[in-house]
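Both of the next two complexes hold subunit A, though its partner changes from subunit B to subunit C.
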Partner chain A sequence: MKPFALGWGKAVRLALLVGALLALYVLAVARHDERARIREQPVTLTPGCEEKLARYGLAAGSGYASPYTLARSGQARVKRGYSAEDVRAIQRGCNIIDDLQGQLAADPSRERWNSTRFVRGTHTSCDHCHQGIGDKQTAAGVAQTGSLSLAASWVMADMYDQFTGILLPYELRQMQCYINSSNGYKPNVADDLIRDVTAYSRFLAAALDLRFGNHYAEQGIDEVTAASTLKRGDDYVRGAALYKEKCARCHGPQGLGTVVDGKALYPAVAGPNAFNQQSRNNFSFVSTILPGFLCRNMPLGEEGTLTNQDCRDIGFYVSNMPRPAGDKDGPLAALWHQLMMRVMPTLIHTIETWQRPEVTQESGT
Partner chain B sequence: MKQAVSSWVARRAGAVGNELLIGLTLAIVVLPQAVAFSTTLAGLPSYFGLYGAIWGMLFTALLNPSRVFHGGPNSTQSAVIGVTLLPVAPQFGPDYIGYALTLFLLAGLIQLLFLTIRPLGRFLDFVSEPVANGMICGIGLYMIFKSFPPFAGLPVNTQVEWRLWIAWQSFLAVLEIGNMHAIHIGLITLLVTVITRQFDTLRNWAILLGIVAGTLYSEYLNANVGVGETLVEQTANISPAGFVYPSLPLFTQEAMPDIISIIPGAVTLALLGLIQTVAAMRLMNRKSGQFVDARHGIFADAVSNCVLPFISALPTCASFNRMSLMQTMNTGSRLAAISSALFLLALVSFFGEYIAIVPVPAMAAIIMVVGANMIDWSDIKAHFQHRPEAIVFSASFLSVHVFGLFGAVICGSLLALAYAQWEKAHPNITLEGNVLRIRGNIYYGSLPVIESLYHRANIDERFDELIVDFSAVHHIDPEGIRWLAEVGRNGRVRFAERRGGQDRRGDSAGRSGERKERRRRQAL
Partner chain C sequence: MDSAPDAAFAAGRERRRVARQARFVVVLRGALSAAAIVGFALWAHFGSGRPVFSPHSKPEAGWEAFREAYGVDTFGRDGYFVRAVQNGYNLVHHTHRYAWRFTRKGALDHPNACIDCHSAEALAYAFASGDRFDARLGRRVSFEEHVKRCYATHLDGFVPTIYDPAVRDIRIFARMVAHHMQLGEGAEVGTP
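The block that comes next holds the complex of A and B.
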């Protein structure tokens, strides 16, 4: 009797295992179908993307000639055109760069393909650093030097990471962006998110007629090294004063950003929604990138007014505000940073407003 | 001597075929691991993993008398190599390889130190069974999670922090963006393996049959749909690697500052290897019934790891997953481990083209099966009978996923040490004639000492009976009870407990028994 009973138990366990595998398989088929449907849907563009892609004349067809190049050089170089599927991929890529969080989308998780799953908080968008939807131009319509242009980055193709010496293809360089702001998982390099953004970057390079393998001035960022300053060290106190004067009106006195109607008008530079401790934007991790960004792009409307020393001081100050731990800091550091982010803003607010009700407006979030 | 001979000879006639089958299975299981560990974790070319598998397995099998021992490259060690050397030089470069060889040699020398300084080696015994089992179960689950992306034909993300979160995200990625052809191949492999395992006659062939089924389906797809459409990765052809590739560790004057900076990494590497070897050997001693002092394992590892850096190989240490596979396949002699190395050498040298068509998803499915095998419910249940053991087991299991493998070793060892301190153990055992007297505690920390003396007494031909006197024992932990139960099954052994005033074995009421009892009392 016993072997028989044992046989039944075994059979039931086996059936359960096989059943679970088949159920997962059916689920996978369903999710794949849904994904295929999303990729065939027409794309609703954000206003920014609509303007940019129309200006660059994106349309399906057998050949593509960039109106931008035609206007600037008087010559139209006809390149291989885009299929309807390519056009949708480029449009989705543009949407992701402009509005990663899907704040302008009717159905964010469908239209932005789960992109929020891979970044921390509710503020981060690619456009915050890669301004002008990855193609920032001056008033004269010329690409701005050191503006982290996606087009110029794409034509660089594979490059060596300057810190680790590892050869990084464009897809893995996108991954670096997710590391800067991620919550512990980067999209798989085969993910549609990466493919769509690659398609968009590639289209930009074609539209701007950037040549493969060349280095352009708009690629990367103008890093502000210590050598390019007054060489008196990075000043936290001066940074704090400058931050209060120039940055706090948008990013908030504690750097927690400005949110109106659930939309992040000005992103957080500290707290749970900001870039993390191991981001290259973090001054104490890489000290030249955030100052470079500040000198080029901040404050909004008064770009170029800060000196190199100002930028380094502000960067130093901002990086000492509480922010999420990096992915490689480990769970204990992450816990500590979470605690700091919860406690410090309230604590600072309490201390600054202690018996001084008139400063309530300037302190806190 | 007799033991040494018996470890070589298969226990029953006709078992040689089974040993060779185990060897072939192990060679196939270790192949993807060797390639993956060296390229994705250690940042070294794949031949490092292969030579580590071939020569590491062979050296340890020759030097280690245990029947159930399987060396070769190890995921934890490979990860430590990558982490240690990342700041020193660019991966896969000539400098990196030089520093890696230096790191391996340093680790081997440190292991030799553990062999020559006895108290250091003894210190490794403090990794208890619940710690080791917790780690094994954790690693088993981790291997399943880690196989999700290759199972679905997706590239593996190399950033490996926040393991449970990444496991969940990889699972979602399999469902959403996985390559359906890859998933089909993986599922076929998995189902064939799992179903054939249920039949006793096919049990040991299950993994090979699974691989064959997956490969056949992949070949069918390639013929009908085309590789360009399926995009399923296949194993690379590794036959040009050759038998051996001599190399020299880097010890130049300019490199000295960097070499000094990797010494902590070398200590970690050495310790991780030894801890795994000692823990795995202790576990297998209990399961297989063959007692081999863990010092043999330390000796085999240390000597191998001092030689391997000179032939471009990853360091070796015991592999929990392959050893549990050996145990479940019921290995009877060292032939299995040795033949696995030779099979792998033959596979790499002569069948490279055939291995090259094995699809990666099928390999991932096999790693999943091996991972699931490592989670043994009977072990887990035993640990949950006793609260401190349950806590140590759970902590060790969870810390694999929260703090990583090295974190688990540290966390588990600290807990085990705290537990040891808690139990206040002072093993004090003596062997007088045929009386093995134990004073103090019988617990996991004292068991290795007790066991070694017990086995020495057990093979003593002068006496036909062995009396184990634990009158002065004031604590026996569950592991000790399990050991005593094992000892109780040995017909030669009689337990004595003086405080009770009588023999513990009921059936020894005969006259000769009484005479012996009297003699024993005189001896006492």
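The block that comes next holds the complex of A and C.
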């Protein structure tokens, strides 16, 4: 009887193991099928994407001629057309750039794939940095210098990147955005989340008729170096004053952003929802990018009013606010930054209200 | 009674000799290991001539002419990108030698290199209008995946990962040729 019982025990354990593996397999197949169904479903565009893709004449067909290029050069350059599947991928990519976390979507987890798995916090959206849904233009329809254009980045991808020390493909660059700018995790290179954004970026390059390997003024950021200032030195205190005057009304006195009805109206520039220490936006890591972004794009509605030195001062100040540790900072640094993010806002609020009771309303989040 | 100190002295001397010998063996082993590592590194860098140990690609026949004709120097005389283009050139023209891990084709087979089926221009056009839906496969197929499929099928070999230089440098080679031809995204054969 004993050997028989032992045999049953083993068989049950084996059956449980096989059953668990089978369940995982069935789950994976179900997820795979669901993804295939989502790819075939019509895409509900965000209002911004609807306007942009209509302006660039995205439609399925054997050939594609960009109305933008036609209007500017008078020549209709016919390029390879897009199938209905390609059009849906481009539409989904546009939606991801405009509304990464699906705040405008009825069913975010389906319409934006699994984007929230790869970002921490609730504020991040690609459009915060890649403004104009990755294609910021002036009122005259001219691509804006140093506007982080996705199309210009695509045609100049694969170049050497000094921060990673590799020839950086477009897909890996997107992964870095998820890891650092979104303070999150790395999606797989073949994930729809990455591939749809690549499809959209490639479509933008076709619509704007950009050529491979050429440098365009809208690529990257219009960086502000110390050499472009009077070299009075980047001043934290001056930055704090400017921040309070120019930025705090939207991003909050402590940079924690403005959320209305669960939607990030103005994103956090500090705290757990902000970019992390290893992001290229972080002034302490790369001192030219955030000032460049500020000078080009901020304050909203008053772009171009800040001097180069103002932008560097604000960048310096913002980067000294508590924010998450970067992916290379290690667990102790991460713990320290978590502590700072939780303690500092309350501490600053308490001290400021104690010293100057009249500023109670100003020093919240 | 007198022989005891002598024996202890002799035993002590013997212990010291053994300890010295053991130390010598340890030091000798360490020195030999270090010398072997340094020797291997020196040989790999200066004497082996093997491309795997060199940051430079081997200049194959036709590379200088290609470099001139396609204006590779617009990206600099040297650099990571140019080296990748050169490795891409070697991969495309001598696939069986530079991507031997991913093909069973040998020197006597035909075709045994990408260039036997695709010209440099054709690769550039494929890159420029790639990443589209393939009705036969029922999904979007990237340029890199086409390269991987070529290794597995036409070159009768194995599938590299998407990050492998055997894939990446062919993409970079195609990108450089596309730049030389001033192709735009979605360009079809014969059009810019």
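One rule holds for everything that comes next: the second predicted complex is superposed on the first by the 343 of 365 C-alpha atoms of A that agree within 3 Å, B and C clash if a C-alpha of one lies under 4 Å from a C-alpha of the other, contacts with A are read in each partner's own complex, and residues count from 1 in each chain.
FYI, a contact is a pair of C-beta atoms (placed from the backbone, for glycine too) under 8 Å apart; a residue touches a chain by one contact, two chains touch by 3 or more.
Nothing here was measured: the structure is a model prediction, and the numbers come from that model.
K.L.:
Clash or fit: how do subunit B and subunit C relate after the overlay on subunit A?
P.N.:
Overlaying the two complexes on subunit A (C-alpha atoms) leaves subunit C and subunit B clashing.
K.L.:
I'd like to know which partner A:169 touches here: subunit B for first, subunit C for second, both or neither.
P.N.:
second
K.L.:
Just subunit B (first), just subunit C (second), both, or neither: which does A:74 touch?
P.N.:
neither
K.L.:
Scan A:154 for contacts with subunit B and subunit C and give back first, second, both or neither.
P.N.:
A:154 contacts subunit C only, not subunit B.
K.L.:
For A:304 in the superposed arrangement: first (subunit B), second (subunit C), both or neither?
P.N.:
neither
K.L.:
Touching A:212, do we find subunit B (first), subunit C (second), both, or neither?
P.N.:
It touches subunit C, and subunit B stays clear.
K.L.:
Determine, under the contact definition given at the top, whether A:262 touches first (subunit B), second (subunit C), both, or neither.
P.N.:
In the superposed model, A:262 contacts neither subunit B nor subunit C.
K.L.:
Counting only touches as set out at the top, which of subunit B and subunit C does A:64 meet: first, second, both, neither?
P.N.:
In the superposition, A:64 touches subunit C alone.
K.L.:
Would you check which partner chain A:198 touches, where first means subunit B only, second means subunit C only, and both and neither mean what they say?
P.N.:
In the superposition, A:198 touches subunit C alone.
K.L.:
Look at A:189 in the shared chain and tell me whether it touches subunit B only, subunit C only, both, or neither; answer first, second, both or neither.
P.N.:
After superposing on A, A:189 lies in contact with both subunit B and subunit C.
K.L.:
Which subunit A residues are contacted by subunit C in one complex and by subunit B in the other?
P.N.:
Correct list for subunit A: 166, 189-190.
K.L.:
State the interface residues of subunit A toward subunit C in the complex, per the touch definition above.
P.N.:
64, 77-80, 82-83, 85-86, 89, 151, 154-155, 157-160, 166-167, 169, 189-190, 195, 198-199, 202-203, 205-206, 209-214
K.L.:
Within the complex, which stretch of subunit C touches subunit A?
P.N.:
Touching subunit A from subunit C are residues 74-75, 79-81, 84, 127-129, 131-133, 135, 140, 142, 162-163, 168, 171-172, 175-176, 178-179, 182-188, 191-192.
K.L.:
Considering the complex alone, what residue numbers of subunit B touch subunit A?
P.N.:
86, 89-91, 93, 149, 154-155, 157, 159, 161-162, 165-166, 169-170, 173-178, 180, 183, 187, 190-191, 194-195, 198, 402-403
K.L.:
Give every residue of subunit A touching subunit B within the complex, in rising order.
P.N.:
Where subunit A meets subunit B, its residues are 10, 14, 17-18, 21, 24-25, 27-29, 31-32, 35, 114, 117, 164-166, 179, 183-192, 327-328, 330-331.
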